[in-house]
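Look for subunit A in each of the two complexes below; its partner is subunit B in the first and subunit C in the second.
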Partner chain A sequence: MTGILRIALAHVATAIRERVTLFWFLIFPAFVLVLLALIFGNLGEEGEISFELGLINRDTVSAGPIDFAEIVEETFRSLAEPGEGSAEPLFTLHQPNDDTDVEAFLDSELTALRRGRRAAVVVIQAGFGNAVFGSYGQASSDSAKLSVYMTTSNVASQMATEIIEQVLAGVDREILTRGGRYDAAQAIEPETVWLGTTGEETPYVDFVLPGIILMGFFVNGLFGVPGAILFNRDRKVLRRYWVTPLSVPRFLAGFSIGHLALCGLQFVLLYLLGRYALGASVSFASPSAFLLLLLAAVTFLAFGFLIASLARTTQGGMAAANILNMPMMFLSGLFFPIAGLPFFLRLIVYANPLSYLAQGLRASLGIETSVFTPTQILGVPLAWIALSVVIASIRLRWDVER
Partner chain B sequence: MSALKSLLLAELRILMRDRMALFLTLLFPLVFILVFGFLMGDIGDVSRSTMGVFISTDLDREELEAAVAAAGTMEIVPFGSLAEIKEAVAAREIDFGLVWDGKQLDVFYDAARVQENFAFQQVATGITTDFNLRRQGVEAALSVDVIDIGATSSANWFSLVLPGILAFSVLSAGLSAISGHVTAMKERKILDRLIVTPMRPVLLLVAVAGVRLGIVFVSTLITLFVGILLFGLRYEISWLRYTVFIVCGTAGAMGLGTTIALLVRRPSSASNIAHALSMLMLFLAGIYFPVEFMPGFLRALSVAMPLTHMANALRYAVGVVEMSEAEFWAISASFLGIALVLFPVLARYVIRPLRH
Partner chain C sequence: MGEGTLLRVIDLKKHYGETKAVDGIAFSVANASVFTLLGPNGAGKTTTLEILEGIREADSGTIEIFGERVGRITRSIKQRTGVLLQDGGFEPYLKVREILTLFASFFDRPLPVQEILKHVALEEKAGALVRTLSGGQLQRLALGAALVNDPELIFLDEPTTGLDPQARRNMWSVVADLQDRGKTIILTTHYMEEAEALSDSVCILDHGTIIAEGTPRELTQAFGEETIVEFRIDDPSRKALGGLQTCCKQYRVDGGAVTVETEDLLTTMEELFAWSRREQVPLDSLIVRQPNLEDVFLSLTGRRLRE
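Let's look at the complex of A and B:
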């Protein structure tokens, strides 16, 4: 028993001493967790996203009692002021000065838009106020007096345009209300209904934290296990073990305990980061979540042995791990939706144990409803463990060829 | 000259035998685009989404149907009951559902689709706005004309991601080419043997760089053409700019990689540091997510990343974004400058025997 524990301890100590292992084991998952939470956690919320916006008012002559162009301009200006607590404004406005040539300014703004330095350019066309005042809610097809220039190839430009359209829809209702043509009190406000176990929108960090923990387990098994086994074999470290009374099964037991301890440590550190730095509220304190985390750690441990058994050298093992890493990680629904994938990629999704573990873990945490049955969630990873154990027991060499 | 030729041939043979390096340089970008092409092709595009609609009353039915029809090209699926629409959302048969009973307009979303719901909510808000106007029999006072002035009007986000991935593979291959290879030569004591010949250290770096440069160029071309053929991406490639940038960018990244070679002893450490650095930059350089989505401090950090500028320059070279000529040439010249300055300076420190 002491020998097994010493092997386990040696495995943990080696992993922690290796700075590169530490990077992939902890720093990289933590970095991805923080980055994704910062980007997607508050997507679209004011104060968390900011667009560079060109605004040009060509309608400088007001014909009626109300300066409609000024209303539009003022609306955008108000959205360009810092929010509460100096939060970033939604827009950073770029407008011409009084003595600027408006046409030249528009040209430069459109160039900036094409070059990705503006998300959109809004132009209030000449005659805008007259058109609004004249029709007052009876827009005709040729009354396009507000132009929004954007680029479809840029997601930020698309998002900015959608927000601008909503802002202008608000201005539109305001103008119609002032003209007595629209009764805001009669308007229907849509009721948002979140379908899920909690009845509320899942906070992004709660959604992504289980995925990042599984990613950590996966990378740990995929790179850490074959890396350690093959490196120690090729460097003849394992040969030194075999001249001691330590048997292969006892070494395996120690190595596996060390690997599971590393996964446990990884889980605790990532959970603490998610909980206390990023405000995650998801609780892993349920038997089913514990079981799935354990299943995940064992699955990727076995998977690591499978790779180690198929590779002849450390380099070959790392190449195989690199080939499998990206497709398996991203074709599992850990980070991106996988609903619209073509058939041949969906085959990878269905064969991928990560897909089942991710959905199973999230379902056990009440984050999402799994499309897989409990039998599939447990069965597919268990099948991978069985397959890996069989192949590894047949093929894995514990010493370099003499 | 013959020394350089011999070194070039030797390097080529070494690379051809090194399956790991060949894979990482040639096929890794392909794996990236195959996975991300399908995952990210529709990002930000709700036109391919499916909305379920259940209207249980004739009150304002026509107005709502007209508002839904005017919402865009997404697929609309009618449902016969509230339970059916809820089941369909939960089973992800539809992306979101709209239910109108004459008094209340409910929009059903899957709470777990945290990355997509924002776009669905935008669509639902647009439909509600239009519906409210139609119910009161008024048309919008403001008419908004949205004009797409993108370099390639049919482009989607993935058409920008692909040159970003190419830039990443240039950086990644460049960073690890010299750092990993030279430290491996040190470790295998090959460098010790070369040092005692009349070979000039810089010639070895030039040979390593030349061979890797050729492979990187071929790799980017394969990736680019697979992207074009498989995903129907359209680019207006300026081959002069493309070639110039791949050469300058790879050389510059190799120059930066030489610094890594100077700092580490083991080849695995060099490759790992190069890989770790390029992965960190991959997330910060606006390759997958637009920089605008990031918080202010990350946007500022993004500007400091070489990969941000490499991706922008390559996007310009393939014609999906615009950039001033001066900026493009300044970026290219900067990377070439890094190579020209770092190569000779570091060659004498890097190309020397392993310290025992």
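Let's look at the complex of A and C:
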């Protein structure tokens, strides 16, 4: 046992003392976290952004002399026109044509919203005008129905929704004030429908922090593990171990404990940075989040062993890691939604354990609802771990070839 | 296995494809002795040692070690052996003390790390990173890692290759000290002076087979009572060189170096000086010495150890 712990300590000490490892292990993910939080954390400041907005008017039959639905629609249209001095319009509107099937258009807009191409979709529901008109005559106790679809996977969506609520409140007040019947109790009540969310707003840093932690684990496993093993093999460090009673399984146990300790350290440092420097409030204190973080660390550790087993030299291992790095990182849903990808790229997404771990972790933190089932979230990474371990146990050479 | 024999190897073979790295060798190593495998690069010394160290497995053959006949070197055997590899590395970002503590943790009964540091004279470097050590210090650290379990049998694979003369002498004194403490040492080297200085017995390998075995004295005495005279000449192609045959029965010319073997040193020297005066050939760098293991290897193979 002492030997295993000493191997683990040696692995941690080496990683912390080596500048290149330290950079990729801590500086790089911290840098990415700060960069993303600074750039995207301030999205939506006045004059900086135009929201893509889907607008559908289902209330085509006006019951009274005034088409209230048309007033709302017109208000959004006016906000979609350039402002004074050619200022960027607040919204870019997407509306169905006269001959378009409204329900099919709504479906396509909701798909666009899920893919991150819309900040929100506003639907003026059928009966909206009646409800408003009724509020004039007190004939109806129903409030006017207007649905706003949004998603937390797109930070712009949250900001757009807040603006829409303010716009609608202004429209509501204007309609009622004109009729001399402004009544807060009868105001238009926007119904917010959250897609894939718990209904709570999520600051961007909370959204991105789990992704950065996973990215750190990923880079640590993909580059750090084969780097350490192949370097030690090529430099014949491992040979010194094999002439002692230390066995390969004990070495692996020590190495793995050291690697997981590094991942733990990485998690703590990134979490502290996110919480105290960038104001993150997301809590990882749940068994499911802990399990997924551990699963992620072990999955990428196994991937590292797989790469080490397939490479003949350190350079070869690093090249293989580089080849896998980009497609795995970007075809995982870490940085953008995956639904709109071409079929062959989606195959990579569905084979990529990072896709399941990213969604699973965000879901366990209440940031996002996963499209994958719990079985898939656990099963696919576990399958990769099993496959990697089997291949590595067959292929991994612990000594230089003669 | 005899009472005083710590290790015996019988008909050991290891082939890599068509290459017969070790081709049926057999030898015994006495307890508390220094046994040397001597031979040029590629002779099979390191492969033999790696089999005995447990890094590689032999294709066939028998190993008797610590009174046990084994098919391969087990972990319990490794508890009792220490290995100084020819080309092993260390984690460059670990400290000297950490390396020794790490290696000590692999054994059931390690020596205190401080004792090892003192033994290999690295106390002052205990807190230094491996990457900052000199070649000699690295070799001492490697020796410390090999001795951390106070082994009964120590393998030293080319322990002085690449070291400067001072570091080489230091290593020799460490080996002598280990022998004084009753350790059994198996040494490989291609330095004949090292083998002569340190060995109780020598096994000369070439092309994976043993071509001679015995104590250094026994091996050199195979030359009989001959003495070696060496000198250099400017132009080995000179006609005058032919006249050398009249005064020296056995001589070799290698570039500008002439080696003469003689049983009658006085007569040979008189005739050599006469030849030198007659032919006006100066005898540069003239030395007279006893035969050494290099001469033994040369006479057996027609090649020098370092060719």
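Observations, loosely collected:
Here is the rule we use: the second predicted complex is superposed on the first by the 249 of 402 C-alpha atoms of A that agree within 3 Å, B and C clash if a C-alpha of one lies under 4 Å from a C-alpha of the other, contacts with A are read in each partner's own complex, and residues count from 1 in each chain.
Assume a residue touches a chain if its C-beta (ideal position, glycine included) is under 8 Å from a C-beta of that chain, and two chains touch if they have at least 3 such contacts.
Note that the structure is a prediction, hence the values are computed from the model and not measured.
Note on subunit A: of its two partners subunit C and subunit B, the one contacting more of its residues is B. In the superposition on chain A, A:Ala13 makes contact with subunit C only, not with subunit B. Touch criterion not met for A:Leu209: it reaches neither subunit B nor subunit C. By the touch criterion defined above, A:Val237 reaches subunit C but does not reach subunit B.
When the shared chain is aligned, no partner comes close enough to touch A:Leu55: not subunit B, not subunit C.
Legend: residue contacts after superposition of the two complexes on their common chain; A:Ser247 is shown touching subunit C, with no touch to subunit B.
When both complexes are overlaid on chain A, the residue A:Thr369 reaches subunit B alone and has no touch with subunit C. Partner subunit C is touched in their complex by these residues of subunit A: 2-3, 5-7, 10, 13-14, 17-18, 232, 235-237, 239-247, 399, 402. By the touch criterion stated above, subunit C contacts subunit A in their complex at residues 16, 53-55, 75-76, 78-79, 81, 83, 85, 87-91, 93-94, 98, 101-103, 105-108, 129, 142, 145, 149, 155.
Put simply, subunit A touches subunit B in their complex at residues 20, 23-24, 28, 31-32, 35, 38-40, 43-44, 48-51, 72, 88, 110-111, 113-116, 119, 132, 135-139, 143-162, 165-166, 168-169, 171-173, 175-176, 179, 181-183, 186-196, 198-204, 207-208, 315-316, 318-319, 322-323, 326-327, 330-331, 336-342, 345, 362, 367-369, 371. The residues of subunit B lying in touch with subunit A in their complex are 19-20, 23-24, 27-28, 31-32, 34-36, 38-40, 42-45, 48, 86, 89-92, 104-118, 121-122, 124-126, 128-129, 131-133, 135-136, 138-157, 159-160, 268-269, 272-273, 276, 279-280, 283-284, 289-296, 298, 312, 320-324.
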